[in-house]
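Each of the two complexes below includes subunit A, the first together with subunit B, the second together with subunit C.
Showing the complex of A and B:
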């Protein structure tokens, strides 16, 4: 596997883990291994309401140092761990993203 | 949800909200007498009178049910209340001939840090913000369920304007500080209720009650809620029947919580109350979204989003309705009385 692809995959895993931990701690109130599929819809799980969405926005802005535009606050970007991780990754400029931990 | 017979034609237009005001007033008055005298063993009622149509109707109902001499209206303005509110409230007091007291809660709110904590939160976003600016919180994002966000809109006396998305921390700080207003008001209502052996009336209508638009232990706290089963347009029908002054009936619903003028659509409903009434009625009567769409002249997709929004707001505000929880069943002494 090329090194940059490996790094990219590791980074995505870290992003997902960070998002998952935040959700488990603040919305599921469960243990670290609490069940939450990466693709599960927060809306359908009734996990996050409109105030929860703004909390997620603030969380990703503060944790990943990105700026979320109003028109980016959509279900496409915020409705699952996978979608949110993908959105965050797309906002992280490659040159300043965190180095992979492998 | 009320289910309809399969294949039944579903009527969904504003006529479903029509109400026989005379009959409904008589029914509420009888129930109110029973609740206050028999169930609660209180001699009368106290209510906060805001100058809005809901509390005006509640005052009118109470005066009819118990007699004007058994109703105390409290006017509880603070420095950011619209002066018009108090004038309108006085119209009701005078029309009904009920007792009233006015108490400005600004000093109490000051002592609690309501204004300073809120202003500090705003200033982290708008550094030039000063207490003489007008401001409000609005909801943005329409019916795109789950992706609404809140904005703070502020305007300086010389017309400079800021309109910013509220981050979570500031949103929570601002709302918690602002909700002191409703909670302090309720304290004063209960002060009078206790000294007079009265019950406290809650003035929420069905939209507010159903969608959880009240402050827990603030305006949500009460002993009796005489119009919580009535849609807003039905409250207006009762207002007309009860002779609530036209100046009150003509005003659009307002929160009167922020210093900048704001109607309830901007913070709560996202729809005019007539449409919100019909949407809620339709939702609870199993009316398909497509039928609601026709009635409201919106797309099927919008009607579906409105339904989802109704359900989302119910979920989001379950906590507001929740009574205290117990570790095990604890009997309520009254129910065990011989």
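Showing the complex of A and C:
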């Protein structure tokens, strides 16, 4: 179903964009147009700390209407724009997030 | 007794006993001790003798632990330095302690390598790990792995006694300059013994340590474990709580030393699954008080654990603990003194006060530091004559209330030191850094209550005329020059800073929000 696939890819792009905007606005010091690589590690960039992670959790919960459990707050799920977008998509209702490989 | 005596004995008697887990790698007492001896041999052969300082500028890892014990082994004084320390502070500290050796992370090479030639007493640099891409080769610096592979011979007995310094631990001072707390083997053995006694940690315990080893609360987890043959699961920081929980449960940890920030992190994801904390029998907290919500959360989610609220300062390591059975009766108390220690409150004139008073806390015992490294005035301010001729007792600068039974309740600091994520932060240090910014005419840093950090730092800034500098730029400027726990969270631009009648910035007024706002981009 190409239409669906197209829609989900757009969705994924939206998710990443939303996350990136939040990070750039809230965590990424420096020029306002600073770019952030989708695969860059937040830890290695020293972008988030414990306080930052709590803000990030509230942000994804509120913006995407999902509930994040403690055991899901891992480096694997949270440590880059791409990882976090993938995690968020996986938590959304299946119909919307189906083939999320992009 | 020296700090490493028990470790050596355990390593000789039970070499296969588990000592340390870092990542997937498990280190046994025997192999760790072998590494310690090899590094100590290298240091001795380089000319690092008894009393020489060795700066350890590393992240949490086995190398940190090995470096620490290698210092003790060759009679040197370990100077742990937070890997988040930036250029200026590192320069200051290195020039003050004049290290004979530097054991440093290769990834931090851009920060420390410019210093190495300016330190005349430096005899060896041991680089740990891989340098960032594009860095120059190590040159005459030694590589940690190589040192361990080639060191031969035995460590010569340096003749250390328990009056010798074991460590200098840097902390923030009200003057804005970092102060090196000098601790002898006796100081540290005493504190370690008292804490082990009241916590009741034993050889079968496994401690989960995600606290930095440059922070004494983290450091003592290793010192305590290695005194009795227990083991430590060591992580480098605690950003992602799910990873922390996986280690806690996956490695069967029984002791969880926490600070309130960690509990807040857990609370962000709701309650834990029952298996996450099932094996934990002991939770400790220090650095900042737990809120009633924190206490409820810990009790609900660590049902098998006893919870100890504690209080201390680097200058003597630990002062007090609240026995878990007192927690319901006095949830906001940090308890009473430890075994083999005396604590009391004094008034402005230094007169001893009875229970049920308000005053400055004074600490007396063999765990009290020898003073601040090369800072006589600051030392005399804080270590004052005790009742016995020649004795000095520690005036903490912390104000407390005591109840009728002598339990202590923290009220605040005598000075304006901020406590952020459990570490002392000097507003003066922050102000010095920020005032060097071209667009800043006047600046004041104050602590504001924060659910996660205890206190967060808010800057009040008067900008140069016509300057359009924004909060973002100021925060970025700070982030590049400060450790994370002291980096301000917010910036407020003001027309003028409020002053007291004698001309000092009125920080109380700033905390109350009595300010004249300036136009332009405000806080973020």
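Please note the rule applied: the second predicted complex is superposed on the first by the 87 of 102 C-alpha atoms of A that agree within 3 Å, B and C clash if a C-alpha of one lies under 4 Å from a C-alpha of the other, contacts with A are read in each partner's own complex, and residues count from 1 in each chain.
Following the convention adopted for this analysis, contacts are C-beta pairs under 8 Å (C-beta built on N, C-alpha and C of every residue); 3 or more make two chains touch, one makes a residue touch a chain.
Every value quoted in this text rests on a predicted model; they were computed, and no experiment measured them.
On the superposed subunit A, the positions of subunit B and subunit C overlap enough to count as a clash. For subunit A, the partner that touches more of its residues is C, with subunit B and subunit C as the two candidates.
Legend: residue contacts after superposition of the two complexes on their common chain; A:17 is shown touching neither subunit B nor subunit C.
For the contact definition in use here, the residues of subunit A common to its subunit B contact set and its subunit C contact set are 43, 46, 48-51, 53-54, 57-58, 70, 73-75, 78-79.
Those residues of subunit B that touch subunit A in the complex are listed here as 139-141, 144-150, 165-169, 171-172, 312, 315-316. Residues of subunit A that touch subunit B in their complex: 42-43, 46, 48-51, 53-55, 57-59, 61, 70, 73-75, 78-79.
The part of subunit A that touches subunit C in the complex is made up of residues 29-30, 32, 43, 46, 48-54, 57-58, 67-75, 77-79. In the complex of the two chains, the subunit C residues touching subunit A come out as 238-243, 245-246, 261-262, 264-266, 268-273, 276, 421, 450, 452-453, 456, 472-473, 475-476, 479, 484, 489.
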